[in-house]
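What follows are several structures.
The two complexes that follow have subunit A in common; it is paired with subunit B in the first and with subunit C in the second.
And then the complex of A and B:
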């Protein structure tokens, strides 16, 4: 009996989100003209890639029991920094990429250091960083969009490789790398151990502080990458871009079954959460639902998806 | 420095340091020998247009005997009211208010007037009447844009409207101005309207979604600001539809002027940030010096910018 229950729980942990996704997808496919076309589905994938990269990054942090509220501001700062380097040469590409990702890495490093060395709650640290980074993005860009970027840089967001838009490929790479780290490596096991029971993990020899540093750095680096993709998609570095992006990313991770108190979460679940948010946004636009109702419907579906996931357990 | 902070709680020393930093930043504004001080609270210094208005004020003030104390309300009306209260406490000679909201920023006007300090509203209105208003009629900007779309399409076609943040004065007026003008052109049909919250990336996603539903039927797009117009433009270009679809937006920010110059964006509507910023400081000074203004409503007109006259606007920047 007990074993059967565990089996059932595992089944829903694995497939509850998938079930929600299939339900929402089917409803949209049946009610929304144009939703199922290949070009529309490609559009959805291109649109979700930024939130997807962020959501996968924050999944690492949430699994250790932390949170990162500075994601949206990191996106803006990394985007602006990358853009400043991208407008200098005719085909500047490497430098802006390095600048954007380094920005994210440094942000992650600072977040991680204050959380581990300063013993400050991640919520507070990243809340503070959220406004510090937004301010920095405004200072660096003088409060204006940074435009006239090189064609090579703009091609990241607008171009494709073998018919697949590059943002989707970047997102896929992030998903594969993250899945392998969390599922197949020792550090991945340490991430779960730290979030599941930090004291026990520490007692059994896991350097939990280093694990936490690692998750904030990887989350920051991904946010830097997302900033690059966004800036190149809209051909400008916008200091006010990315406001409340962290909320969509956290929502996606949670819909995908990541537990906010730590220890539980999977990259595949987060990807499904990202897809759910993405098809809702797209479907509601296709149906021309007014923005008032869009907000209500999105909220209801987010809570509903989590309810289906949790109650079935 | 270090010596003084020894023994202090680290958080306390951090606080002291950041205060010292804040004073350091502030010294530039504390200029001696300026007889008048005007408190200025701006809607949001994250918006390029608002920054342009602020720059125009500073430029004008530097030629006159006036010191500006400029603060950012960060789109928060409550914060704006508090800022005005502290201006009153500091005894400024006049207040320039760039309101966050029609109703919620009204108490700011009431308090200043009650304290006997002249108030000038710049760019947008409040329900309470200030001593002077310097700005533009937002409905007019949408009228100009829609009239231009009517001209480009010969008065017949399917139009998509991208709206600003729902409920803000600019969105309400630009929508009503557009709808009134559309009613004059029965051949123009609105396929859909939707908010992209003034944001370029959101407008781009919205346009991508619209292309999926409306595709070849789209003849023109009206975006209520340039950021959203540029986002829509990019989605149309990527879908290879730009040759067929006209895009017109409002504000004439730098990027939009560049896009008009390159003949990618069909037109933008120039809102005169310089005129508004300068006009507001002039009105405030007149109120300080003489206690009255010539006109309590100074309306700065909007102007249509196309590839034919864009150079004149690019040179102003």
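And then the complex of A and C:
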């Protein structure tokens, strides 16, 4: 009987989020007309791809016990930077892509440096960076949206490859790469060890500062990528874009079972968290629930998910 | 003869561990009842039950003929059971009187303001009762540890305690202060108060106890009147076999090849430390808690930067900037307090075990999963680590198995020098024996081992040479024949 309990517990821990997703999906499929159509499901995937990219990135940071609140502002700054290069560069794609991703990378580097060298709490560092970067985005763009972008650039957000929208493909690539890193590589192991017990990890020979640098950089780079996708989808570099995106990303990670105190979390869980938020938003849209209520419902789900997770332990 | 307190048939389990099994103890009123046993024998769990921190799974607590279930420390205190912890928790900024009457201060009428005159007067009465000459207005932080301890006793008395539990009360006080403490205990006895006295120190126990109960592996081995027992009998009751059977002496001669040389090492908690470690040797570091032993080890292992000094490994002067660097020089360390500094509790047995040697088990950036599994399975077998599987979370393992995982992790870095800091703390006797024989085997194969331990029998039983620390300095270096409890204690404390 005890054995059976342990088995059951493990089952819930491993598949609990998946189960929640399946239940919510089934309920929406049965109750909401139009939800199950291919075009609607593609729309959902397209809508969630930006949050998905951010959520997977922030999962790295959260597993080390950190947090990144500067994601939304990074999205805006990277979007603006990429757009500036996309306007001037004719149809060349390389330059705006490099500009956007590098912006995110540098932001991550700065976050990581202040966290590790300055020994400032990640919450404070990235909270400060949130406003700094927002201001920088406004300065760089002169407070105006950067528009008239090249067709090639706009195709990233609007185009597709073999029938699959490019944002979804980007999200998929991010998921696969991140899953492999966390699950299969040495640095991935170090990420979990650092978050699980930093002192012990350091005493075991792990360069915990380097690990933290790594997670902020990868999270920043993904945010840069998300910024590019967003700017391309709305055909503008919008300095006011991405407000509170970080909260949705963190919410998705948490719903997916990532533990804010570190050491626990999986890319697959975060993907499910992103999907859950995505289909609920979409379902409520289809049911004509106003966005006011949608916000309330989303909040309830976040708290509920953590409560369920707590009870599983 | 009236029994004041009876613990009847108490059992208690924690996930994965049966901590107590059918424990029964009777304490006569006005007596000192010593509770002895190795770490992990179940003494502290039993006392936590008596003190209302844990509930027993089975069995009952009978105080003054009435069965009691304590819902918490406060409840137990009100019923007459007080505990004086090894680590005292006074409020340093408050006065002696305020500490004694914390939470039950006399109040001026209905104002809610504390009546300080009455408070101090009451404190004086209590202090006088145990013959303690400390002004009640003095701030707690100005007292010595021994005095703080006596204040705790005063606090217990002010609560009308009938049973006072003292957990290793002499671990941090001088022998003069011990005399004062024993005087007070004598007075408590005369007043009909019973004392449950937990200690490792046999001479003290024989001096003060009327009755001795020995526990081992969660059971009572026996309860005897103190005058019926002698040292040897007490030891064999505690260990379950004679000590010598636990420790294997060296079989090969020392080669005299020097592995490690430490010169003039100085840090926040130690000064002018010199020592050497030879191939195949087990070198003990004895001394009181806080004497600088762990800090020295941390400096050698790159966890703390020393202010000055030189560390030479196999003739090469090394800069130990981080544990990684120390490992590259062939040093590994198993840290004190494995839960805080040793293991990643949220990770699995396998992930913990290979954490220090992961780069050896990987191809390019990828962990070679098959090879890792093979190594982990091999090590689990070799050290008899009992876990459901390599993927089990380490948090669910018993203390002994956790420690073996930590040791396996250190050994997978293939060190030539191994530092073990309190490796047997809080683990059962079986696992201890395994760790001792493992140490001897490693030493015989040529490894140099540094053992930091507060348990003297362990230091005496297994070490080839012992360095005694006292207040941050090396106070003695004892060769194999000169190692005995008395000599070590003298150098550690005087």
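Just so it is clear, the second predicted complex is superposed on the first by the 297 of 313 C-alpha atoms of A that agree within 3 Å, B and C clash if a C-alpha of one lies under 4 Å from a C-alpha of the other, contacts with A are read in each partner's own complex, and residues count from 1 in each chain.
By our rule, a residue touches a chain if its C-beta (ideal position, glycine included) is under 8 Å from a C-beta of that chain, and two chains touch if they have at least 3 such contacts.
Everything numeric here is computed off the predicted structure, so don't read it as measured data.
Superposition model on subunit A: subunit B and subunit C are shown accommodated side by side without a clash. Once the two complexes are laid over each other on the shared chain, residue contacts for A:172 go to neither subunit B nor subunit C.
In the superposed model, A:23 lies in contact with neither subunit B nor subunit C.
Judged by the number of subunit A residues each one touches, B leads among subunit B and subunit C.
In the overlay built on the shared chain, the residue A:193 is in contact with subunit C alone; subunit B does not reach it.
When the two complexes are overlaid on their common chain A, residue A:263 makes contact with subunit C while staying clear of subunit B.
By the touch criterion stated above, A:34 is placed in contact with subunit B alone, subunit C being left untouched. Residue contacts after overlaying the shared chain place A:185 against subunit C, while subunit B stays out of touching range.
In the superposition on chain A, contact of A:233 is made with subunit B only, not with subunit C. After overlaying the two complexes on the shared chain, residue contacts for A:206 are found with subunit C alone; subunit B is out of touch. Between the C-alpha centres of subunit B and subunit C, as viewed from that of subunit A after superposition on chain A, lies an angle of 130 degrees, to the nearest 10. Put simply, subunit B and subunit C get as close as 23 Å, counting only Cα atoms, in the superposed view.
Taken together, the two structures place no residue of subunit A in contact with subunit B in one case and with subunit C in the other. Touching subunit B in their complex are the following residues of subunit A: 33-34, 37, 39-40, 43, 46-47, 138, 143-145, 147-148, 158, 230, 233-236, 238-241, 281-282, 285-286, 288, 290-292.
Listing the residues of subunit C that touch subunit A in their complex gives 301, 303, 322-324, 327, 333, 335, 340-347, 351, 355-356, 358-359, 362, 365-367, 369, 409, 413. Residue ranges on subunit B touching subunit A, taken from their complex, read 45-48, 51, 163, 166, 192, 194-195, 199-201, 204-206, 208-213, 227, 230-231, 234, 238, 253-255, 258. Per the touch definition, subunit A reaches subunit C in the complex via residues 184-190, 192-193, 195-197, 199-207, 259, 262-264.
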